[in-house]
Amino acid sequence: MTILILVAVVLAIVPLVFILGEVLVRGAGVINLGFFIHLPGGPNDKSGGIGPAIAGSFIMVGIAGLFSIPIGIGAGIFFAEWSSSKISTVSGFMNDVLTGFPTMVLGLFVFIIIVLSTHEFSAVAGGFALSLIMIPIIARTTTESLKLVPTTLREASMALGVPRWKTILRIVISTGKTGLLTGIVLAIARATGETAPLLLTAAASTHYITSIVNQPTASLTVLIYNYGTSGFPVWEAQAWGAALVLILVMLGLNLLVKLTIGRNLTEARME
Amino acid sequence: MTKLSKRFIELPPAKVETINLRATYGKVQALKGINIKFPENQVTAVMGPSGCGKSTLIRCLNRIHELTPGAKVEGQVILDGLNIYDPKVDPVVIRKRIGMVFQKPNPFPTMSIYDNAVAGLKLNGLRDKKKLDELAEKSLRMAFLWDEVKGDLKKPGTALSGGQQQRLCIARALAVEPEIILMDEPCSALDPIATAKVEESIFQLKKEFTVIIVTHNLQQAARISDYTAFMYLGKLEEFGETTTVFEKPQSELTEKYITGKFG
Amino acid sequence: MQRLLDSGLEELTVMVYRMGGLAEKALSLSINGFIEGKDFSQDVHELSENLVNKSVEVEEKCFGLIAKYQPVASDLRIINSYMKVAYDFERYGRYGWDISFIGTRFNGKNEKCDKWIFDYIRKLAAKVLEMVRVSIDSLRKLNPELVKTMTEQENSVDKAYFEFLDKLVAQAGVTNDCTISSLLVVRYLERIADHAMHIMEAVVYIATGEKITLR
């Protein structure tokens, strides 16, 4: 029995290790300081960099966060604290559906309502598309974290004559804040790795953008897609480099989550 | 028909009383018309078998019952001549006058001992550090916890033992300076020594407050209460001075329950 | 439902009933012996000693039950009362022994007594023995019905006691074995009646929770 389990574990980990290994091997050679800053060069230009792509990803995830964090947390609080209302049940269900929604469809949706109407690809459109992906995740993790806060704490606070909104803000959220932050970081990690929606909303670019509303914006994922399928060896190598950067960012974010949860567990053990 | 022990007429003035109080959880009728007067500055124990409605009763007194989804309350609860269920009354204000200590100790996990003690005050906007310090010490002393924690008030509230946590919760309830303290089986999660300490503090509290304590521990009810109410299946079966109820109960049901002949 | 306390209570009740039986026997032996001039002092003495020991046992049993089970309501009233009643039974035995002792001390001198003294004692003894019987019976049944009758009896016993006293005093100058022994015996009889009433008070308390004084 134990052997079967071990086999399963190995089989699960092997692909990840394999991918990480491949990316590391193929991408490491391209990495240097210039790579991070320079503008992209032609298909045979080894001195080209992915600066705009990194900046673009950063900006669009940032925009997405600006939308999705308040909305997601707000929705999460609503689902958790008013869970008995019909609206909550219905919209909660819709939220769960959105969590696994095909991102290409979301991208298409934003393409139609923003890109077509403004006649521009833009960072805002890209960010907005990403936020549609992030909101359900943040809402769901917020709800679950807040639901873990024991009802008795809410009652204790209300029994002191603290109004409901203050109880939610100062006691419930405060107690569940680690879960909230975890959800946000996970959503960010997810958004950073999305490609399809950005293809349709921000497209690609070779410059650092000067405006977020009317210029196509580069992103790491789209660059990997474009370069990786280009057929030019230099560009393909750079795609691997970009992939390495992306993977390192994802790993970093996930590690961040692990560390904060780890701290939370130690605190919980003290009780 | 509630049996009243013979000395009922000498009851001290009631601090809070219920008039035909009924309460439901969804379709279940937990309280079927309770009329009870809780004497001021006395400890009244409310006891009865599981499901008799004793916890529901006290949760109606500070309007916590209605926070449970599907819960409803009808009837009146009169506090100093005011019906707290009057639509014009703000429940938040009532809960500042009627405090509560719960069955399982529930200090706020993100707060220190000090912050827990004055949580009710700080959360409601009190900033005066001097006043907060004063009230923190006063309430921790009244809960018989001051001496044990005064050395390190910044420690998290959850770093204390179970008994200490419960006394912290008592201090937290006291700091708001309510008039009535409700306690829902406050010692059931505690060991005998912690229980003894909590009972000690309850005994002193009645000098300043009116205490209403739900307990399933008969000996505890006998030890610390001045008056005892016995409830059964959502009704008030008997009410009277504790010594009388425990020496010669008027109702056969009460007799059966306290001598352990139930079931 | 059988509670843990119940077996202890049963044992206690059996102990107390046994004491009642022994006490009744001691008194009827000693009083009738005194009147008929027979000497049962040996038996009565044994009974009396037995009762003293049993009284201690009952007390210990009661304390044990209280410490262990924290009884309340009717259980507590029963245990509390049995402790007191055990003492009353012990006293029954003791007075029985005292009367026997008087009998042997003044052995064979009864014929010289005035008839009226003996008649008094005979009548009084009959009343008191009846009271003793009723007290034990009421305790067994926990039935306070006969309280009224008993109170009347006790009043008449008291009255008889004082009348006897007066009559003896009126017989100024006469002090002999008769007057001394009969006075003591009448006194003991009055005391026995008193304890019978004490037992009745306990019966009322167990049954109703009311504390009354009948003496």
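Residue numbering begins at 1 within each chain, and the chains themselves are lettered A, B and C in the order written.
Simple rule for what comes next: a residue touches a chain if its C-beta (ideal position, glycine included) is under 8 Å from a C-beta of that chain, and two chains touch if they have at least 3 such contacts.
Keep in mind that what you see is a predicted model, and the values were worked out from it rather than measured.
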Original post:
So which chains are sitting against chain A and chain B at once?
Top reply: none
Original post:
Which chains, taken as a pair, are joined by the highest number of C-beta contacts?
Top reply: A-B
Original post:
What is the identifier of the chain with the smallest separation between its Cα mean and the overall Cα mean?
Top reply: B
**OP:** Would you identify the chain whose Cα-based centre sits farthest away from the centre of chain A?
**Re:** C
Subject >> CA centroid of chain A to CA centroid of chain B, Å >> reply: 48
**OP:** Averaged over CA atoms, how far is the centre of chain A from the centre of chain C? Could you give it in whole Å?
**Re:** 95
**OP:** Could you give the separation in Å between the centres of chain B and chain C, each centre being the mean of its C-alpha atoms?
**Re:** 51
Subject >> chain B residues within the chain A interface of the complex >> reply: 62, 64, 67, 69-70, 92-97, 99-100, 102, 104, 106, 108-110, 119-120, 123-124, 156, 158-159, 169, 172-173, 176
Original post:
Okay, in this complex, where on chain B does chain C touch?
Top reply: 218-219, 222, 246-249, 254-255, 258-263
Original post:
Mind pulling up the chain C residues that touch chain B in the complex?
Top reply: 1, 3, 5, 70-77, 208-210
Subject >> Parts of chain A lying in touch with chain B, wherever the complex brings them together >> reply: 84, 150, 152-163, 166, 170-171, 174-175, 177, 270-271
